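Handing you this structure, nothing more for now.
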Amino acid sequence: MSAAARVTVWNEFRHEKRSGHKPAEVYPQGLHVPIADYLRQQGLAVRTATLDEPEHGLTEAVLEQTDVLTWWGHMAHGEVADAVVDRVQARVLAGMGLIVLHSGHFSKIFKRLMGTSCDLKWREAGEKERIWVVEPGHPIAEGLGEYIEIPHAEMYGERFDIPAPDTLVFMSWFEGGEVFRSGCCYQRGRGRIFYFRPGHETYPIYYQPEVLRVIYNAVRWAAPQEIKATAFGNAKTPLEPIRSAAE
Amino acid sequence: MSAAARVTVWNEFRHEKRSGHKPAEVYPQGLHVPIADYLRQQGLAVRTATLDEPEHGLTEAVLEQTDVLTWWGHMAHGEVADAVVDRVQARVLAGMGLIVLHSGHFSKIFKRLMGTSCDLKWREAGEKERIWVVEPGHPIAEGLGEYIEIPHAEMYGERFDIPAPDTLVFMSWFEGGEVFRSGCCYQRGRGRIFYFRPGHETYPIYYQPEVLRVIYNAVRWAAPQEIKATAFGNAKTPLEPIRSAAE
Amino acid sequence: MSAAARVTVWNEFRHEKRSGHKPAEVYPQGLHVPIADYLRQQGLAVRTATLDEPEHGLTEAVLEQTDVLTWWGHMAHGEVADAVVDRVQARVLAGMGLIVLHSGHFSKIFKRLMGTSCDLKWREAGEKERIWVVEPGHPIAEGLGEYIEIPHAEMYGERFDIPAPDTLVFMSWFEGGEVFRSGCCYQRGRGRIFYFRPGHETYPIYYQPEVLRVIYNAVRWAAPQEIKATAFGNAKTPLEPIRSAAE
Amino acid sequence: MSAAARVTVWNEFRHEKRSGHKPAEVYPQGLHVPIADYLRQQGLAVRTATLDEPEHGLTEAVLEQTDVLTWWGHMAHGEVADAVVDRVQARVLAGMGLIVLHSGHFSKIFKRLMGTSCDLKWREAGEKERIWVVEPGHPIAEGLGEYIEIPHAEMYGERFDIPAPDTLVFMSWFEGGEVFRSGCCYQRGRGRIFYFRPGHETYPIYYQPEVLRVIYNAVRWAAPQEIKATAFGNAKTPLEPIRSAAE
């Protein structure tokens, strides 16, 4: 990763604006803020963007200056403009990293890139989650112990309808009896994608140091050497002489 | 695979209708016909469907009676209705097998299920292709020798912009100097997908016994035990007692 | 799979011979017997073999008549002769299926084929295990519901030091707080390998119908079309003319 | 990767000592020398080790100071002591990177870690090889164009009897008509392994800048954050209360 990795932390930022509700208490400035703050403290160049900004804050200009995009959305997936989804997808295929968080599993961009329903089981009971490290040698697990404990979490359970990840880094245990593939790496085009399960608008999970550490590790893992289009199309002149065509 | 596996062979069927051109000579009744004939000879229940039929011949009723769908398209990908693509995608996620042939790499349904551009290099020079078996123990390679030779083929070359296949069964060598991942297996939802490179409207490739054998093997591999929706959603009642929530 | 798939059920068969101990009570004839009985009832041709037979019952002649071998061992892994391990490995690479059960994770043959330590966490506390189906469309999950419950099991927990499986079919939840990759598919050479976690000499797990069903499904999945050596070595005569060598 | 990544370049170093033969002309000081020189120029801490040194130059002390080991061997694989192979394997499983070059496919350590025969087709005809980049976004492909051309090479062809790689970065085209998976990534234990095909004792391939660049990229990719043993064994005290055992 280049020292200058530029991150855009995207948040739907709707739950947190409804005063008097839990999300506004837990994340008064939006849940993107603790994430962005942490990444800045690690020395990354960070900006934030949210749904209600023009073009959701994801203009061509912003994406051109983004090496890794993190994505959190939940109640308003449908309001994300298809043109912006197209733009983000094209940028990922050219090399931009994408970190999809928690309920972002149902975002247009994640479903677009996965090709599946991305559906799952869920339960809001504030139960305990234990996220086990399955691949301790993977860069995204750097600095962690054997597991991360989340004291109170929304449950996500299998079957999680995703393509089998290229690498499965984490698996979750839930108090209520389910399991989940909670850290999933994908290569799509020239870009790297990481889905990370924890985080919910009503729990202070994005203040938890190990969770922030994973997001930081994932950003570093997903940061491209270079973002550029791949050459496709008509390769008219063969590299080697073709004799068969004459037959 | 159930003995009663039902196959629908789908063809765009446009090239072959233009009289006086090469495709009409090589495949006078459409290139779906030799494929369908071969599969019938192997004892499968086969129907065909084409773009210009109502709903492209892929009504709800037809899909409900289809265990495996094969897909060939080229010049009219854009004319396939999105509603039909939605329907086919849903059916694949529920378990239907999908065999995508040659220029079908750019079909809406394949791009939808892959999440990438599915772009590639190509050249029409009638050159020789040699398709090597990389996984000789895979069911799709059953009955083949070490390779299949295609005397004259359109070249497809890497970079092929697909997700890395779950299993890579074949790799192609081209006379003009390129290579290609030409037999790619994917699991998406409950369904199995196989991309198979050979076949072009101007070459008699779909009369070649080894090519037909691979398509038959792929149909058998992709045929589901059962097609059904997976249970997702709110798992309100936990399987185990939750104590943490009380805190 | 050919209708005539021939299975050899191998068991170390030591625990069960020590009278007065739990395994002798639970599996008086050896834990291979309920497995072999079940597979026979499904119409497979089944023989059994055990450690204390000459060549552990795995002579060249027996292996030549075996399409799929199932393996259970625990206290005497070290007594399995290296020559027999070599023989089994060669047969797997030529196409024989191998189903490794529970404590077989530490057998010489599994470690040989995986190339890693195959070590794990464990605990004997008779706790509950819930085995979740992660890939409901996989043939090994045929006929199952969303999960299998094992009332009392020895715990195996991550980190399980195996190569990431080609396909992960099952994941276990344990009452004591751990998770485990409990159904793992591998292709090695022309052969298919399935590791399946459940089963312990002191619990009646190999009488449980869903567990037996999975073993049967795995045998069917792993049964080869054909067992034969792959051609390697000096390909002296090139398939295409070589001009570069003349330089 | 830590700035201080320490590399040991291992070479069998037998061919090059036989005066009057081609290898002695092409690599008078041994083929490890141009590799080590290049890596040093990139700022890495490099030592070399060869077969005829005590313990093949791979003592416990040397391995403890090695983050990534590169391996080339050919005519004397059988002379590598099993105790050294055990040691290298253990170090890889604890996190050391391993880059296996060309004929190293048949080394004891590679076969040990793969679990398969690692056999292949080959031909010495000095033919042209073109190594295509299949995953242009992968760190090992950094700085390369679409392909690398090797003017004269020994051919290696499929079937290459390896486990399917976690990531396939390169595929080779050979003038004589074969293809090969020539850049293969594996995670084994905490360690990363890369097999890279090019290089032969009679061709000056290890002076070619793109080939050296790939080896350097691979070293960086394989360098661990940390080398340490994983915790396995009896997890006697459960993390959660177990009620089922009481039954």
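A, B, C and D label the chains in the order they appear, each numbered from 1.
Basically, a contact is a pair of C-beta atoms (placed from the backbone, for glycine too) under 8 Å apart; a residue touches a chain by one contact, two chains touch by 3 or more.
As the structure is a prediction and not an experimental result, all values here were calculated from the model.
Across the two candidate interfaces, C-D and A-D, the one carrying more C-beta contacts is C-D. Look at the CA centroids: the one farthest from the centroid of subunit B belongs to D. Over half of the residue numbers at the subunit B-subunit C interface are used by both copies of the sequence.
Rounded to a whole number, the gap between the C-alpha centres of subunit A and subunit C is 36 angstrom. Put simply, the C-alpha centre of subunit A and that of subunit D have 32 angstrom between them. Subunit D has its Cα centroid 30 Å from the Cα centroid of subunit C. Among all residues of subunit A, those that touch two or more other chains are 130, 135-136, 146, 157, 159, 164, 166-167, 175, 177-178, 187, 189, 230-231, 239-240.
Taken as a graph of touching chains, this assembly is complete, with every chain in contact with every other.
On the subunit A side of its complex with subunit D, the touching residues are 95, 130, 135-139, 142-143, 146, 166-167, 175, 187, 189-192, 224-226, 230-231, 239-240.
Listing the residues of subunit B that touch subunit D in their complex gives 130, 132-136, 146, 157-160, 164, 167-168, 171-174, 177-179, 181. Taken in their complex, subunit C has these residues touching subunit D: 89, 93, 112-117, 119-123, 125-128, 151-152, 155, 157, 159, 161, 163-164, 166, 175-178, 186-189, 230-236, 238-240, 242-245, 247.
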